[in-house]
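As written, the chain order gives the labels A, B, C, D and E, with residue 1 at the start of each chain.
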Amino acid sequence: MSRIGVFICHCGENIGRTVDCEAVTEALKDHPGVAFTEDYKYMCSDPGQQLVKKAIEDNDLTGVVVAACSPHMHEKTFRRACDQAGLNKYMCEMANIREHCSWIHEDRGEATEKAVDITRTIVEKVKHNQPLESIHIPVTKRALVIGGGIAGIQAALDIADGGHEVVLVEKEASIGGHMSQLSETFPTLDCSQCILTPRMVEAYQHPNIKLHTWSEVEKVDGYIGNFTVKIRKKARSVNEDLCNGCGDCQEACPAKRIPSEFEAGLGNRTAIYVPFPQAVPNIPVLDRQNCTLFKGRRKGLAKDACGKCKEACLKDAIDYDAEDTFIEEEIGAIVVATGFQLYSIGREQPEGLKGYGEYGYGEVPDVIDGLQFERLASASGPTAGAILRPSDGKEPKTVVFVHCVGSRDSEKGISYCSKICCMYNAKHAMLYKHKVHDGRAVAFYMDIRAAGKGYDEFSRRAIEEDGAEYIRGRVSRIFRDGDVVKVWGYDTLSQEQVVIDADMVVLATAMRPQDGVRELAQKLSVSTDEHGFINEAHPKLRPVETNTAGVFVAGACQAPRDIPDAVAMASATGAKVLSLFSADELEREPAVAIVNENTCIGCMNCAKVCAYGAIEQREICTVDGHVCGHVAYVNPGVCQGCGTCQAVCLSKSVELQTFTDEQIFSEINALCYWE
Amino acid sequence: MTDVAYYPGCSLHGTSREFDESLRAVAAELGIGLTEIADWSCCGASSGHTTDHLLGVALPARNLALAEAQGFDTVLAPCAACYNRLSAARLAIATEDGLAEQMPDILGHPFANSVDVHNAVELLRDASVTIEEKVAATLAPNPLEGVKLAAYYGCLLVRPFEVCGYDDPEQPTSMDEVIDACGADDVDWDMKVECCGGAFSVSRTASVLRLGRAIIDNARSHGAEAIIVACPLCHSNLDLRQKAMAQRGEEPMPILFVTQMVGLALGLAPVDLGLGRHFVDTEPLIARLVQQAAKRVAAEKLAKEEAAAKAAARAEKQKVGVAAGTSGAEGGEAQ
Amino acid sequence: MSDAVDTSGAAADGFEPRITAFVCNWCTYTGADLAGTSRLHMASNVRIIRLPCTGRIDPLFIVKSFERGADGVIVSGCHPADCHYTSGNYHARRRFAVFHDLMEFVGVDPRRMTFSWVSASEGAKWRDVVDEAVANVRALGPFEAYRALAPEDAGVAAPAGARVEAEAS
Amino acid sequence: MSAPSRTLATDILEATGINPATCYQCGKCSAGCPMASESDLRPHNVMRLVVQDRREAALSEQSIWLCLTCETCSARCPNACDPARVIDAVREMSIEAEVADMPRNVAAFHRAFLEQIRTNGRLHEMGMVMEYKLRSGDLMKDVINAPGMLSRGKLSFRAERIEGVAEIKRIFEKCGVTP
Amino acid sequence: MSEVREVARKLLTDGTVRVIVGWEDARRGARPVFVTDPADTERLIFDTRCVHNLVTYLNPRRDNVAELGKIGLVVKGCDAKAVAGLLREAQLTRDDVVLIGVRCGGVLEEAELPKAASLSPENVAPRCYGCDNREPELVDHLLGESQPEPPRPVMTIDERVAALDAQPLEERWAFWTEQFSKCVRCYACRQVCPLCVCERCVAEKSRPQWIEAPPHPRGNLSWNITRALHLAGRCVDCGECERFCPVGIPLSLVNRKLQHIVAERYGYTVSDDPESPAPIGDYRLDDKQEFIK
């Protein structure tokens, strides 16, 4: 006979306000198998937990039900308490009478009745709980970092410095990410490349870091501590071992007018190219889409149309026939740091976004986005740092900066604040005024969001010291009128329409997650929000973990982030990974499936539905060692506990521990509506 | 093509008769049957919905109900204001709680809200391939060939997007497509969707002059020779009021209904298109365009003849050459 | 809210549907948690049984629920492509489809069985699913047809722990 | 006066389905408003008055009658507040509350227009002009260049009158509108 | 039937198999026979009375059959599908059995007739109409001449299913609960089914007892639903369950409905190809989900 203790929490007023906790206690008191009931203000508090422990000891309880909040909140807490009191922790379950009851109902009678039902159901479940032992699995102490921007670099360096190997995968030809494109960084105005480049080199040269650029994650199998990751090394057409980065191939390449991604379209590159001079590794990649030779091959020309780079290469490193290759890495933990892209607000839009016809982006050449302005302001950019407008190369005397383009605009598909625009707009206005002393910098803003160390001072400085004109109001239209770009705005403070004849307009467009993040998330079994940002496991308490154990998230792929945030998150993931790697074994919940060999007929339908390949066929022998058949066997190290095998088993020969048929059957029965 | 129910609206029976005339002429030419809704009534225009939301829905709904009862599934409302009111009513009845139930009682007729509403630009855009073919097949030189025309959509054709929705609200292209189909050159200008002052034509003429002036100036600065409209309000604001807003010595800017433009391209007589009814005289423009077109055609003909003559001469030469060439090639080989 | 003090919360005809919901731990259970944290009010007729994954849900659970007097059931899990266990929901989708069609063939009104995908972020959708299921089943009335199948003496075979009288409140 | 729980914002929400609180006063509506330079109250100001529950101020404001209903504000609103629809609703309430401060000529125009419809079913421009002149008192103004219109066949002295005038009257009655 | 006897004799004589399972003529009609002596192969017959699905003898539940040694089995097209089913679920390896396929033009509803009868709409087994496996590919030997299409029965199973589908829900409910209430839980349907392979049936599991054991309408419904679901995408439509049901529950209608469901939803039909994956246990990303909110 079970001796179950039922503990009803008031959660302050959170449960008690709508659920009559005393009535629930009373109702459970005489329930068969219940040996102890108690209600308490805060069961999760220390005295609350003491109460549970004492009751276990005093009453020799065989099971514990805590009727309180969601098990996602405090199941661990109470299981630990049971463990400390000498009760197997898997004999403890939670009845969710807060999220699923008191918070969603108003009527006290209904809520109380439901709370009783919920609690009784779990009591019935616990009667069939079994004392279980946790599972121990080995940990591969190697980390994978996806994305080689500042967040990925930082995470890789922290883990590598901690003494563990890191595989760093970057889809572009060089690491560095968006930070390498920036001119100067707020709020200190230090040169972005000057602080980033040493980190890039350090990552490249670190003995513990294995770098794969021009590579993507193809497939991820396994689970925490034991991932197998397949990486696609895209055909670079340049042998990384042979290339010495001399640049002769670029010199020789005849296709010189390809818009450079690094220059945000404001400069050109060749078809075989190193994205920027400080690239790491300093090894070019051949852009087959734009290469004369490959264009010819696609047209079916019998003879190669070019070959100048190969001719120019003294190391014979160029291989036109190179193909994508795949490598597999054994990995224990994964950090996702895939960063962001800017919302391109032109007419062509991906699903769910609308673009801004009224702002003329993509149609008026002197309407540019923030990243393009970074390149204009960058000493290494296409204008060598001179602010010159794209249409005619003249120095603009009036520049309008528009905040919140795309952001905070639920109509156009992005409801969130992109967080960094207020700061970089202030920076842009400053940089512009520093370079064009007689110029006019006008910024249209809705609110100035400058929460951060030195941030508000910085944005104030743009106004107070550098004379940027800040106008509170959104812009309605931007269009070209002869030589000027007309900006129709409104000053909500002086209550008047404002029309500015600008020479150039810079739009602070929203930050969006990179394309392909949803697909990557699917490979990793992590979830994304409606915008495609990767979901953290808990918005406050587990900000760098995901809902898949062993997968962590850093930087702007989780939400709009500035550099300090991204770096802090990266180091946090580093700490998480190092702590995971600090033990040789991991302890896991014993929620695994177990086969009843006596009734299993070995049809292997279970193996067909197992997403983890955890089930194999195993021969069974008679007493004298003679093989007499086969049954299914579940590898507990690989099993993740979904229970799909159990549902397809016709003979009911698999049981998922912690969710056994008997437990569920009892729960269904407890909800029996016969009165 | 099957007939559509034609809702001319008050303007097309009055101040914008030329829109009605040119639409009928062009529709006949394109093989589109128009059947005027029997006993149609005014849509209420802005006065209706400005005064009372329900009235603003019920007045247009009466006409939708008539079209429905007369067996149509599409109503053509060329006047942009009527189009907007009819579409808005249709949407409101479909989406707002209780309206659909209320309507039969208010109208005194059953009403299932089953009729689609189209505007003239939409109709012509959908027929643009036919227009292009017909223009090409017209014997007379196309006076619009290469002429720069500014498509002016104003408000009511494109906004609100939920109501209209047949084109992009900020950068619409439908009327530009029709302009292109007529062989003319659509001007990329900035005031396509700005308001002309609409219903304030009578009550706040000064506002209309200010707004209309900006529109005409912008079109002119982008090289437009005429502005094409599909809204009687826009037309009257830009045409009737143009004299009052013009500065001394300025060339007047003809304002043409989109149907008139198509009619011209199809070779219809200006008088049949009501082009004589405008306040800004369209005669000089049309005369100039016709003259240009004639010249162009003559020049093309001449060029063609010259080319043909040259080709003939070349062929003649080649014939001789072939005969000579054989021996020449042999000669080459021999060398 | 002064006129809503009827503690039983029962409808005028006294029928309150009883609905058992089988939901996966990662999406719908969490989505229901979110509905709670967001204080989204919903009908109180649904009792949730938490499972790791929709892949774990056997049609027998549903059959058993009807046997035990449920007027309706809800089955809900992660959206396609979002399964915490990669593909449990895809397998479940096929099983439920076949079960759904078979039950309809046997004469069970499909409106008594609500299948839905509710993600961890869809607290409001969970609320809507619950309210809609309750409304549907309320409209259909008690599942007397199924209860009528009970053997003479089965109805009184009370489960472990008799139902607590509602007047406790 | 309305009950304490009713605010202008809740009335608007009820009438239009738009929650005025979604307006975050960015001013984009007013930036593109063609009438902003002529009116004292711009679209976002109207939204503000609604949110602040300043019923009197909003309903009796003359500027709401200067809206052209060109919908530019609504088309570009980043938060789907639909100021044009809200202004429409405010105008309706203004008439209902009999506090409308329509500029005399605007009011005259609308009344003249609706009166034409009510009596004929269609607009008779000439008739309307006469009506408008009477109502606005602007007798001398040649509002539509009548001679030019007449010479171009755009104006007729005879009104078109539909058969179903009774139905139109019914509609006006059912909607409770008397021009 | 000389061909079948010839092949059987050869297989027994050269020791390829130890036993041939086929049909023989008995006093009351055709019945299964186990032949181990080459001389006895003369007893083998194949005609329209050979209704029985002999694959049920390969079912691992009958391990006493396997004890006889390697089996040679005479199969019709429908029977071959059942063999494929066992292979698919690892209940058999292809080397365990030699399949002697016979070209079949349909069988009678009844096996127990003194003489073979030619088929007519009145006497043909309805399931034979529209048979899609008249030339089984899985077999080792395919014997007999090409047969004409089975005649169309007076009322096809599809027509009966359609008639039920056309009825309102309440009437279907009344029909099926009435039918299932007759069930005495003898489990004959399960015993003869070649694909009911479990050694311990779910109906006999007691902890927990999902399916109430006593034969009352409620437990009967659970049992019949479960039986049907377990055969979804597996049932080969051999009709043995219905033929053996002592109370005459029209199980073939349920079975056929499930065939329709998997065909309509997943384009799946049961075949004698053991490599084609069964629909339950498989999935496609774009499976229909119109019933899911």
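Going forward, a residue touches a chain if its C-beta (ideal position, glycine included) is under 8 Å from a C-beta of that chain, and two chains touch if they have at least 3 such contacts.
In this text, all values refer to a predicted model and were calculated from it rather than measured experimentally.
Any chain bridging chain A and chain E, meaning touching each of them, is among C; the list is complete.
Steps from chain B to chain E, taking the shortest chain of touch contacts, total 2. With steps allowed only between chains in touch, the distance from chain B over to chain D comes to 1.
Distance from the centre of chain E peaks at D, each centre being the average of the chain's Cα atoms. Look at the CA centroids: the one farthest from the centroid of chain C belongs to B.
Ranked by how close its C-alpha mean sits to the mean of all protein C-alpha atoms, the top chain is A. Two chain pairs are in question, A-C and A-D; the one with more C-beta pairs in contact is A-C.
Chain centres here are Cα averages; for chain A and chain B they lie 51 Å apart. Inter-chain spacing, taken between the CA centroids of chain C and chain E, is 37 Å.
Centroid to centroid, with C-alpha atoms defining each point, chain B and chain C lie 58 Å apart. Counting partners per residue, chain E has 202, 210, 280-282 as the residues that reach two or more other chains. Chain A has residues 358, 609, 648, 661, 665-666 in contact with two or more other chains. Within chain D, the positions touching two or more other chains are listed as 72. Interfaces, counted as pairs of touching chains, are A-B, A-C, A-D, A-E, B-D, C-E.
Within the complex formed with chain A, the residues of chain B that make contact are 168-171, 190, 218, 221.
Taken in their complex, chain A has these residues touching chain B: 347, 356-358, 479-482, 486.
Considering their complex, residues 358, 404, 408-412, 446, 472-477, 488-492, 495, 497-498 of chain A touch chain D.
Residues of chain A touching chain C in their complex: 20, 23, 26-27, 31-33, 70-72, 96, 98-101, 103-114, 116-118, 120-121, 123-124, 127, 522, 525, 527, 529-530, 535, 547-548, 591, 609, 611-612, 640-644, 646-648, 656, 659, 661, 664-675. The touching residues of chain D, counted against chain B in their complex, run 15, 17, 34-35, 38, 66, 68-72, 74-75, 82, 84, 88-89, 91-92, 95, 103, 105-106, 108-110, 113-114, 116-117, 121-125, 129, 132, 136, 143-145, 148-149, 152-156, 160, 162-164, 167-168, 170-172, 174-177.
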